[in-house]
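The two complexes that follow have chain A in common; it is paired with chain B in the first and with chain C in the second.
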Partner chain A sequence: MSSNNPETKYFLLKKSKVKDLLNTLYKEFEIFVPVEEEGMVNFKRYKLNNNFNMEFTNTLLPPKGLFLPQQETLFTINYKKEELIEENLETSRRIIFGIRPCDSRSLTILDEVFKEKSEDVYYLQKRNNTLLIGLGCSNPQIYCFCSSLEVDPGKDSSVDIFLTDLGEKYLVTANTKEGQQLIKDLPVYFEKAGEEEITRALEIQSQAREGFSVGFAKKDTEIFRDVEIIFEHPIWEELAETCLGCGICTYLCSTCHCFDIADELAKNEGRRFRCWDSCQFFSFTNMTSGHNPRPNRKERIRQRFLHKLSYFVSRYGSIACVGCGRCLRNCPVDIDITRVIGAINHE
Partner chain B sequence: MKNQTYIELTDTLKQKINQLLNEKVVDYVIGYEKGSLWFKTRPFMIRKQTEVEKVIWNRFCQFNLSTFLKPISQRGEKIGIVAKKCDLKSIVELIKNNQVKKENLYIIQVACDGVLNWQKLENFSGIPVSKVIEIEENALNLVIKTSESSIEVLKSDCLLDKCLVCDFQHSTYADDFISISDENNHEIRNQTIPYFESLEDVDYEGRLEFWLKHFSRCLRCYACRNVCPACFCPTCMFDSQEGLWISKESKTPENYVYHLTRAFHTATLCVECGECERVCPVNIPLMKLNKKLAKEVKDAFGYQAGLQVDELSPFKTFCQEDTDEFK
Partner chain C sequence: MNNLNQIQNPYLPRIASIEKITQETGDIKTFRLVFLEGDFHHLPGQFVELSVFGRGEAPISISSFIPGENSLELSVKKMGKVTSYLHSMCEGDKVGLRGPYGNTFPVERIKGQNLLFIGGGIGLAPLRSLIHYSFLKRDDFGKISIIYGARTPADLVFKEELFNIWSNIKNTEVHITVDVATNGWQGKVGVVPKILKELNPSPDNTVAFTCGPPIMIKYSLEALNDLNFPEEDTVTTLEMKMKCGIGKCGRCNIGNKYICLDGPVFTLKELKNLPKEY
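Presenting the complex of A and B:
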């Protein structure tokens, strides 16, 4: 998370030099790069000379886990002495290399949640320590629909440094002071871009908006502002018939952020941790009294859609979906948010 | 994707469903409809005759619909269900284990010539599904066409693993069998595919390392359990509200406990339908575990899940002649 600087500058970075660049940055930063393993690409911690894969479409797991890990110890205490042993705050400086525009947008959405009222230091500390180097998309996947959510797949000004793929090299745009500084400090890797390359990159950036297979019209999301109407819509019953109530769509979602907090005791040491939780699980809303306000799949699947399309909008002003398509790609029963939005409006 | 056989099968299937609803033989039918992308299909509960038009049958009907017969998801109505040959096995297990009554079911078996796996399609053709315009089929190959080129791949390379060893000859259990020719094309099948065999020669440490590596990335999204027709407990021990058996954190020891427990709980019930492995978002090779347990059960008791409705599971019988090898 960095301060914006209106002055942007264009550079070139040769693909053949990326590894050297990472090896240099490695001395100062903890770097996360897309790595292919077991048939999936995910952000993994870079180790010297590691292989990575920049030709990926998107990572299977969203990068939210680098800020809100699936499980995280918040602090440990000596419970006999009533003393804090350690608070688990991230201090290292980090870089995410190759984050896609939808996913960087998801971080600005998550910021709203973790900044509201009381600041969530565990999340924000990681955000503040992390530089984002974004990568534009020129080949949207068949399940991507970021353009329906006002994310520009070709151009991302929210990241510190943005890369546009020109084949042999990247056009590098520095969006923030921190991004500019990084480029300035490492002149051997970045040459000044010429007019021709800039023009070509702009072309590639604008073409990225074409070629989407799924999506919806913005006005179709307006219906969700009227919770009264939408709450009792028959579609929830219909979806509940096949939804398995698993955690895939929420765990793999870039913007889903619900977690559980628990304490664990071992000898004299107490540990507080948090871990992802999902509104699709029965236990999520089950109370100690035994009452569960969302007892069935119908209420739970409705919660997922209405949180994203209705409640989040009235609270923070934007839809809590960036169109990364992960839910659509991975849902075992093909429950598809774009179809749901379309069906509510047009069926 | 054009395939005359499947088009004809779909027509007959629609007529059948229409008739069942019309004559009120069933309250609803569980079948498939078109998914949001060309290579996807979606489970579909057909209640009205006007919905029958949407029914499909094609090479992407991978979902084992019998999981919707689990008591947690049904309401005591009379159900029609569209089933592939392999799906019959899990229906048999559900009946055997008193999860659904045969008299409440109407099973429509549809001839299956193997289900395609879209990830394999991408891997073997090198063409992302987003670029595919059309797929044609000949005897052994798929012809995958894009706007620029066309590539042939072996059908057997792109089928679900289970289809390669599909040998289950058991259509007598269905109420109806919708087919065109009597026999499906079996040339492409009966290949041996490396499931757990590759682990049989691995020593204990190696196997432990293998599984720890895979389980460490499990998200505990529970999709493998929820999709599984053999996981029919009303409350799974991992959802127990009385007390947590394992921490909610997805850490290696917890994940290990989850998977080993599930494997043991489904042993003798698992029909190797492969759904758990297919839905796993992080590619954990769960079938290696299931196949291993099925093999142990077969070696020890000569028993195979899903074959005979009147054959009791070894865990539910006591046999005087048992050699009793418990040590």
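Presenting the complex of A and C:
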């Protein structure tokens, strides 16, 4: 059947064929797959016949680093010639295989920032060059709360290709032209899905919203629209008493994008680079004059919550949180955004 | 999808040469910079990201409005790594510039009005871009009053313009004051907000622009309020730590604003809608 026919968007991919598929795609793409190392699953660059783990709940590090690397050269500087050498931003085509719905949602949130006014070529080049193959969630962990936000854990139409786990195989949904083309080009791996499998997958997809142990009601986020009231709420002082200011919540957050820019000086050739930074650090807003508008932990923890739940919403129209739960899971003193939202509304 | 080859890389500075250096005070110099290639268009109130290659970048407000299309002045206090190294540079040396960035003073809205400038220390630098602009288009504006002060006479910037040029322009008043009179200073003594109150300017058809140390801005805004200047006709500029200058790196965020995109110029009315975090 012609793949121009919109009816042919559902296919099946046997799990036993996934490695062969990756080995084939490897010839043309740089592929990132979830790999378990030392008990942690993270997206790693796939090499021929590498092992990977598709039974993960989510990666420790969010995939934002594949678009906004923890450290990235912006250009190099040749002092002798007084010349700036641009980075080659052309990359091979890339695939992220197995991105979860929460994390793919985080990319559409980050797009708003990196596309606003001056377009960020470093981020957008990678973004436009990357095909996303998503993987539905059916087994949320105790720290997941994506269903409280605009994320459907069972179904993700923002990725190019979406996989629903049917046990021995995946139901494959092609959402974009690029996704359809990839499937069309590799007919040996994808067979047409039957009615029965599609029905079963739709059932699994719709059940995915159940079984969450933490979260909040959408109306509980409305209180953050009134900055004047929420800014002076006593909870920021309380949270500041326990927060260590370590910044792990921001580094592991899939939507936190704040960065620093600095120069590295070498003898003949230096470079300018950017690297992740955190609003939880004193130095983030400390000016050379010595004036710091957010000098204490209270102001900095408030900034993190209000940037996500209030300021970002009024600037870009959505909450800058996808409920991936990484901040809850990794905070050393158990600061929990769902409990913060709950406490502000109900205590 | 976008054709990325056609998007300019916003992080790549353009090279400019230092054409002239003026020592303003012991630790403030004005650098006149000329782009090696291409035009440069800006409006008063905007800033640039200045690169000293190998040392880093710093956001600096443009302190001039120069007719022509490829030069600008930056008045820079020796403070941190970038500005200290800049102070050691010579005429002919090369720097990098990105920008202009940020919003501008409301040059269209203030046409036909009187302008009142209230500056302190190096805070006169961003105001000077609008002062230059208003003198270039002198007939577009009514009376221009400039109140400027510094700690001591040695700390006054743009002395040549203050004492010998601006006050000779028609319908223009310049009031200069120092906190502490030294070196036989014969002029006014007293902090800027005090002089402002003494001069008692009328708010009628007048827009006030203030920039200086935070404490000076605070008391000047109070004084302007006492003089019945409306909040929408009281304009100031905000300073925040910045890196990218284009609303990505996140650090100049106050409420739903980025100072680099939505500022640095704000009316007092706009400021009152922001969380008090500046």
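Just so we're on the same page, the second predicted complex is superposed on the first by the 336 of 347 C-alpha atoms of A that agree within 3 Å, B and C clash if a C-alpha of one lies under 4 Å from a C-alpha of the other, contacts with A are read in each partner's own complex, and residues count from 1 in each chain.
Everything that follows uses one rule, which is that a contact is a pair of C-beta atoms (placed from the backbone, for glycine too) under 8 Å apart; a residue touches a chain by one contact, two chains touch by 3 or more.
Given the structure is predicted, the values throughout are model-derived calculations rather than measurements.
*Asks:* Is the arrangement of chain B and chain C around the shared chain A a clash or a fit after superposition?
*Replies:* fit
*Asks:* Which holds for A:His257: it touches chain B only (first), chain C only (second), both, or neither?
*Replies:* second
*Asks:* Touch check for A:Ile248: first (chain B), second (chain C), both, or neither?
*Replies:* After superposing on A, A:Ile248 lies in contact with chain B but is clear of chain C.
*Asks:* Which partner does A:Ser157 reach: the first (chain B), the second (chain C), both, or neither?
*Replies:* In the superposed model, A:Ser157 contacts neither chain B nor chain C.
*Asks:* Between chain B and chain C, whom does A:Cys275 touch in the aligned arrangement: first, second, both, or neither?
*Replies:* Once the two structures are laid over each other on A, A:Cys275 reaches chain B alone.
*Asks:* Quick one: is A:Gln181 in contact with chain B, with chain C, with both, or with neither? Answer first, second, both or neither.
*Replies:* In the superposed model, A:Gln181 contacts neither chain B nor chain C.
*Asks:* Just chain B (first), just chain C (second), both, or neither: which does A:Asn286 touch?
*Replies:* both
*Asks:* Taking the superposition on A as described, I'd like to know which of chain B and chain C A:Leu328 touches: first, second, both or neither.
*Replies:* In the superposed model, A:Leu328 contacts chain B only, not chain C.
*Asks:* Between chain B and chain C, whom does A:Asn296 touch in the aligned arrangement: first, second, both, or neither?
*Replies:* neither
*Asks:* Calculate the angle at chain A, using C-alpha centres, between the directions toward chain B and chain C; round to the nearest 10 degrees.
*Replies:* Result: 90 degrees, to the nearest ten.
*Asks:* Please work out whether A:Ile142 is in contact with chain B alone, chain C alone, both, or neither, and reply first, second, both or neither.
*Replies:* First partner only.
*Asks:* Across all Cα pairs of chain B and chain C, what is the smallest distance in the superposition, given in whole Å?
*Replies:* For chain B and chain C in the superposition, the minimum C-alpha gap reads 9 Å.
*Asks:* From the superposed pair, tell me which chain A residues show up as contacts to chain B and also as contacts to chain C.
*Replies:* 260, 262, 277, 286.
*Asks:* Within the complex, which stretch of chain C touches chain A?
*Replies:* Chain C reaches chain A through residues 1-2, 4, 7-13, 15, 51, 53-57, 79-80, 83, 94, 96, 214, 239-241, 243-244, 246-251, 253-256, 261, 275, 277-278.
*Asks:* Chain B touches which residues of chain A in the complex?
*Replies:* 38-40, 57, 60-61, 70-71, 139-143, 213-214, 241-242, 244-248, 251-252, 260, 262, 264, 273, 275, 277-278, 281-283, 286, 290, 328, 330, 332-336, 338-339
*Asks:* Which positions of chain B touch chain A when the two form their complex?
*Replies:* 35-37, 40-45, 63, 67-68, 73, 119, 128-130, 214, 217, 219-223, 226-227, 239, 241, 247-251, 275, 278-279, 281-283
*Asks:* Can you tell me which positions in chain A touch chain C when the two form their complex?
*Replies:* 74-75, 77, 79, 82, 84, 86, 89, 113-114, 116-122, 124-125, 128, 227, 231, 257-263, 265, 270, 272, 274, 277, 279, 284-289, 291, 293-294, 299, 303, 306-307, 310-312, 314-315
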